[in-house]
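Report on one structure; see the data block that follows.
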Amino acid sequence: MTDETGPTLAPALEMRGITKRYPGVIANDGISLQVRPGEIHALLGENGAGKTTLMNVLYGLATPDEGEILLDGQPVAISGPADAIARGINMVHQHFMLVPVLSVAENILLGDETMANRIFLDRREARRRIVELGRRFGFEIDPDAKVGSLSVGWQQRVEILKALYRKARILVLDEPTAVLTPQETEEIFGVLRRLAGEGHSIVFISHKLYEVLEIADRITVIRRGRVVGERLPSATDEDDLAELMVGREVQLTVDRGVSHPAGPVLQIRGLEARDDRGQAAVRGVDLEVRAGEIFGIAGVAGNGQDELVEAIVGLRRPSAGTVSLAGQDVTGRSPRKMNEAGVAYVPADRHRFGLILSFPLADNLVLTSYYRKPYARGIVRDPKAILRDATTTIERYDIRTPAATVRASTLSGGNQQKAVVAREFDRDLELLVLDQPTRGLDVGSIEFIHRQVIAKRDAGTAVLLVSAELDEVLEMSDRIGVMFGGRIVAVLDGRTADKNEVGLLMATGGAERVAALAATSA
Amino acid sequence: SSSATAVPIATAAPTTAPTTAASTAPAATASAAPSSAATPAPSFAQMPNLKIGVVTDIGTLDDKGYNEFSFKGAQDGAIAIGVTDPVPSIVPKDASEYAADIQQFVSQKYDVIVTVGFNLTAATVSAAHANPKIRFVGVDQSPECITPAGANDAAFACKGVPATALPNYTSLYFAEDQAGYLAGIVAAYADKGAPTPTGVIGAIGGTTLCAPCVRYIQGYGLGAKSVNPAIVVKSAYVTHDFSNAAFNDPAGGKAFAQTFIQANKPDVLFQVAGKTGNGVIEAACAANIYGIGVDVDQWLSLGAPANACIITSAEKHVESAVAQAIESIAGGTLAAGDILFNAKNDGISAADFHDKASLFGPAVTTALQTALAAMQAGTLQTCPTTGCGVYAP
Amino acid sequence: MTKRSSLAPNRPGPSKVARAWEILAVPVVVTLLSLLVGAVVILGSELIVTGRKFDPFLWFTAYAALVQGAFGGTDAIVSTLVYTTPLVFGGLAVAFGFKAGLFNIGAQGQFLVGALGAVIVGVALADAPAPIAIVAATMAGIIAGGLWGFIPGFLKAVSGAHEVVSTIMLNYVAVQLLAALVSGPLKVPKSPSPVTYDVGNAAYPIVIGGTGHIGIILAIVAAGFVWWLLFRTTWGFEIRSVGANPDAARYAGMRPKLLTIATMTFSGGLAGLAGTSVLLGVTHSMTSAFGTTVGFDSIAVALLARSNPIGVVAAALLFGSMRAGAGLMQINAGIPVELVDVLQATILLFLVASPVLRRVLRLRGVQAGIAETAATNALGTEPTD
Amino acid sequence: MDLTPFINGLYGIPVFGVLLQVIGYLVAVIPPNAPNIMQQATPLALAALCGVLCERSGVVNIGIEGTMLAAAFTAWVVGVAIQPMFGTPNPSDIFGITIPLIISLAAGVGVAMAISALHAWLSISLRADQIISGTIINIAAVGLTGYLNQLISQNSPAGAGEFARFVPPTALTNLPGIGWILAMLLNQGPISISVIVLVIGTQLWLFRSRWGLRTRAVGEHPRAAETVGIDVIRVRYRNVILGGAFAGLAGAFLSIEATNSFQDDMTAGRGFIALAAMIMGRWTPIGSFGAALLFATFLQLGQVINISPPSGELGTIMASVPPQLFDALPYILTIVILAGVVGRSIPPAADGQPYEREAAT
């Protein structure tokens, strides 16, 4: 590879005046962007700013209404992903583009298969190549594992390997670190630096400002489809970037105040539960959450948090152990019973569990109370009461929507999450269970939701907060449990816990590491 | 007018009555006899151009069976009496349609409505009761039960005499057992003459629920045994319901027949299963055994090469029966009540041997003639005294 | 499902005529095109058939007869309504399943078993006072059909057996069950062929014309009831929730398995009512040839109506009128009844292709075409847990 | 509790005896009827292959029934039309092949592929509801074939004949143990013999070839497939149209191999049963074939019981139940197996969902 870092060289990628309109939205409004060879270029912006759209345009997944793309100074028309790949552009997508039922090797090779002859695949050669590729970048990966059975962190690695396999000159990574631990993130950063050193150009998208400051050579910030600024990491800081992104000053850290925990509300003893495939996912959890405190559970996604939470709220039958609420045994009670006992639950996947996207917003706001007064008399629903309360809820929680009668699917992600929060928070609660309450949201929405949670805590509700976002757990929790391999491996004080220590526990399970590893690999 | 050519069935009808005792379900015999004291049927003799319509049973017009030949018979009859309009037909899609389809012709002021098949009995009787001015002819709808008032008798008490109470309704039915008997005689001789006789002959029916099918096969067995008392007659029915498989599934019929042949090793196979039965004939030919057709001369209707192994067919003359009925209506001579078509009035027969004639010696012809004569004399039992037309495993 | 923006650009309001055209264009053009295709089929087939005089206006004769047979006079209209009635019940049954994400191909079998239930009780109570006999026989039909729907629902909930498979199989079993009963215990002993006794007093009274039985009114009531149940009750909300997102329904404290069973049972009951209405309203007794095409026609009706109960009535009326007119079409034009199937298929086809039509007609209104129903959903959705 | 041994003692032995008789009966009747079983399984297996190909790529096809029917009609009617041009048939020794027969077969398969292309266009390009599209095909096929058949068959024409069966050497079919299996697979016409080849081929092809890998990816996660440069639309079109060829073979089998005739609605629901087989076979070619074979075995068994009922105790028991029970046997057993053994089978994740290129994530 030639030495081509000189500033006089043409940019490896240049996008000029890209405009992309969607019905009712201008996603990109004349965006220009230059990425030099060997540069890691960060793209920042709040949710819906148009980052992904811009990259989709580059990758041929979206056709721009205006503007042009130049590669090495040459204007090109990119007709589709196949074309983009052929031109050396590759993308790690914000949402996994993996086929769960296919193996790691099949996923990586898909579209660019190793062939034994014109028809059949050469599966041995495929395996060999994957293992070799993994080794080169420091991942020890089983090419035959089904992707659906991998943890999220490993799936992310597969996504990156997929892009690396295609020998990209320009590599786009859209929020690749959202589900990774700090250690895993470092690992990926190492790979990125190495690639950049080899002359590849990288576009890196993230909402985590400190990460951007750490890895990027240059930062472009966009807001509402327009470029609002360009920064060098050396000449900016987190507050500056946040303000640039949102257009106003943002409070980045939560003011959690002091908590006044009272008696225990949720008590869990020796809880065990299996995942959907029948494997032990929760392996004996003891846990206590007191009224008026936030108990945070930190852990890499896929260590049994979801199963734990589902076992608590009644969506999953525990295979052993007990759950009690305010001293009463509620093990195995139905979601309805738990709800009526004062347990609210904000699920991790709002599209799968939290909302019925094809239903009107108003119906979604009564999803857990539709059968009660005043929304129903006997079995007859009262649409007027539903609509009336929906209207006031929309106002109070500042849900941005043209009306209460539009389908929930037409709301933006942040507003959908607000709707779920509004529904679940809007009554007296014993216990509030939050699973990834701010996943994929921008700083403004996060701020809003965090405030609501603190308010609930202060009202005496016991809060169980599960998040893969380590910062969120550290900032919000009064106590922190680290979950690894289906067990709580440590409980720490939320105000004194050290980020690196928690990160290490999340990644390794600490003292129990050996035992847990043996158990997971079994 | 051209109605002069019509066969005066009315005069023949009373003489058919006694034969029912020998050939069909005895229960209905008494009431089935048409009464000569019947109220005169509406007369169409003066009408220049009769409007004739046909409602068939579910299925298709080209079923090579009741539907097709009843319809053809109506057309023949219409031509014979000089009707120039085409004879329209309605093919119902399901059983709930019968009444409505008959009503279509009623509303269009048709003079004669021919309905085909037992399943239409109730609808036809009701329509006849409600429209005394219209002449109804039911094919295969006998022996019929009506109330003294002339309405459909759902309980089959048979208190009413059809010919008296429903002077505008005539039902035509056939002695299938006699046709089957003749086919059985041929089958027994064919078995004797087979290269390696197994002493087994077979018959496959469409469904056990079709009484005429059962009669055919009952007659077939008796006929064969009359030639060779030691002969083994195996029979099976493709289904026990009225699904497609019964009469409309040649592929299924062929598969069924293959299994049958495999299990029973017959020398001759008699099909009584409509189009399903065409598959039976195919299987018989493929297995190098003889086949016997049903209803019409299938050697002719199937043609080469499908007819390669057909030695004869058990025929019932639906087409001519319906045509005669139409002609008699025009002539004003069609009696109300039931008319049985059997050996006496040339209602049934065994079809010609065609190219298989060389297989048989004169003995067969003699046996057939003897049997036919006995049937005409009313002295030959061609169906079991109890359970004629009723399937018994 | 595709999302569509509610933020459609504002345009100056078009004139009334233009608006009416926007709404009516597709149905009108679709109907005309279908008739055109039918005419082409008729003309083309005239060329194939030998031995008949070529009549260039045969298609007109046929259509005139079709319309006259369906709407020409009281008798025709009543006959249309009679044909429509079971299609309404059947269409409601299938649509109701779709709403819960279930594809009930078993309306066919449930129809038969429902009729069987009605005839058993109807015959038993043939001499009872009419109101009692009618209500009891109708209930029996609903329960019998419901039972036939309960089986696949239960199997799906308990073992995950796909309802498409089990309902197809149960259709065949129903035919056998019917044959076994009608030729066995239900058969009138003296009858030469299998037939049951008449239902006597349990027969539906005639309320319009010569054949318009009370089932017609029942069908309208049922459509209203199903609409009310689906959109105005908590049960309906639960059923629709399970259909739209079973995971969220479970999260919300609903019980998808129970609802699956309940929905299939109710759907079966409706299909059973279709059979009941035919038996008590039209045939009054059952022969072993008692069969139907209602079950499969109902799928088309439900799809055409996009699973909306009120739409079901309209779609059933369309199909029912074609069935009613088919008789006269056969009489006057000698056209095989199958032409009606061809017409129905082309109507559906052109409706599905209506996006293309809209482009051709330069219609701009954003309208969710027929393409958007819960139907396909029904095949993809699995019960949770 | 303690009554159990007593009850067992009472009923155990007779029940055991009848069970033995059942097994004995099955062993006695199944091998000699194996070729017939294969005959019944052929259209089901081929149609199920069509379903597998379509649904693996994410397109539900409930129009298989109609596609088969149209193919059966076309194969037959083309034979009717062209037979006169070729004079007296001169069937070849293998499979009784004649030129008109080959043309008929090609026509049947061609029409089925054309109909599948229509389904593809409606459901892939227009993104119509796939159930509706399939339903249209079913209704139109019944209507058009029935309509034309009414008109054409008024003249009772003869078709182009039918394919003959291969007669395997008795040395093979008499082999102990496996002879009857060889007879089952080989004592067949060309379409039926090809089934086993096609099933294994499709299995390999779906799970070992590039096209297969891409097909599965498209059926599971079309967007992921598109992001690696696969043309989702084209993959779906190809699979649906190719699947149509299998449905065409299934239809042609009915009208020019199993018999030489066409009847209205002669598919008699086989397309739907094939869908059931596909689901029971968990969307794999071999699984679907197994399910089709199982179903055909039950069907055959129902007929065998009909034709030669077992003797002894078992026969007495069987004679005491209505015969319709045995006709219903295949369907009841399918339900039992589905509910008891197969349980939940999970379709490809994107099955039935139209794919839109520029969809929001």
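Going in written order, the chains are labelled A, B, C and D, and every chain counts its residues from 1.
Methods note: a contact is a pair of C-beta atoms (placed from the backbone, for glycine too) under 8 Å apart; a residue touches a chain by one contact, two chains touch by 3 or more.
The structure displayed is predicted, hence computed values, not measured ones.
Student: What pair of chains has the most C-beta pairs in contact?
Tutor: Going pair by pair, the biggest contact count turns up for C-D.
Student: How many angstrom lie between the centres of chain B and chain C, each centre taken as the mean Cα position?
Tutor: Those two chain centres are 36 Å apart.
Student: Need the CA-centroid distance for the pair chain A / chain C, whole Å please.
Tutor: The answer is 46 Å.
Student: Suppose each chain is reduced to the average of its Cα coordinates; what separation in Å results between chain A and chain B?
Tutor: 77
Student: Pull out every residue in chain A that's touching 2 or more other chains.
Tutor: Expected reply: 22.
Student: Return the residues of chain C touching two or more other chains; collapse runs of consecutive numbers into ranges.
Tutor: Residues 3, 172, 176, 179-180, 336.
Student: Touching two or more other chains, which residues of chain B qualify?
Tutor: Residues 61, 208, 239-241, 243.
Student: Which chains are in touch, pair by pair?
Tutor: Contact pairs between chains: A-C, A-D, B-C, B-D, C-D.
Student: Applying the document's contact rule, which stretches of chain D touch chain B when the two form their complex?
Tutor: Chain D residues touching chain B: 32-33, 35-36, 39-40, 146, 149-150, 153-154, 156, 158, 161, 165, 254, 258-261, 263-266, 268, 300, 303-304, 306-309, 319, 322-324, 327.
Student: Show which residues of chain B lie in contact with chain D when the two form their complex.
Tutor: 60-62, 64, 208, 236-241, 243-245, 248-252, 254-256, 258-260, 262-264, 275, 278-279, 282, 286, 301, 303-306, 393
Student: Mind listing the chain D positions that touch chain C in their complex?
Tutor: 60, 122, 126-133, 135-140, 142-144, 146-148, 150-152, 154-155, 269, 272-273, 275-276, 279-280, 322-325, 327-328, 330-332, 334-335, 338-340, 342-347, 351-354, 356, 359-360
Student: In their shared complex, at which residues does chain D touch chain A?
Tutor: The contact residues of chain D facing chain A are 204-205, 208-211, 213-214, 216-217, 220-221, 223-231, 349, 358, 360-361.
Student: Which residues of chain C touch chain A in their complex?
Tutor: Against chain A, chain C makes touches at 1, 3-8, 232-235, 237, 240-241, 244-245, 247-255.
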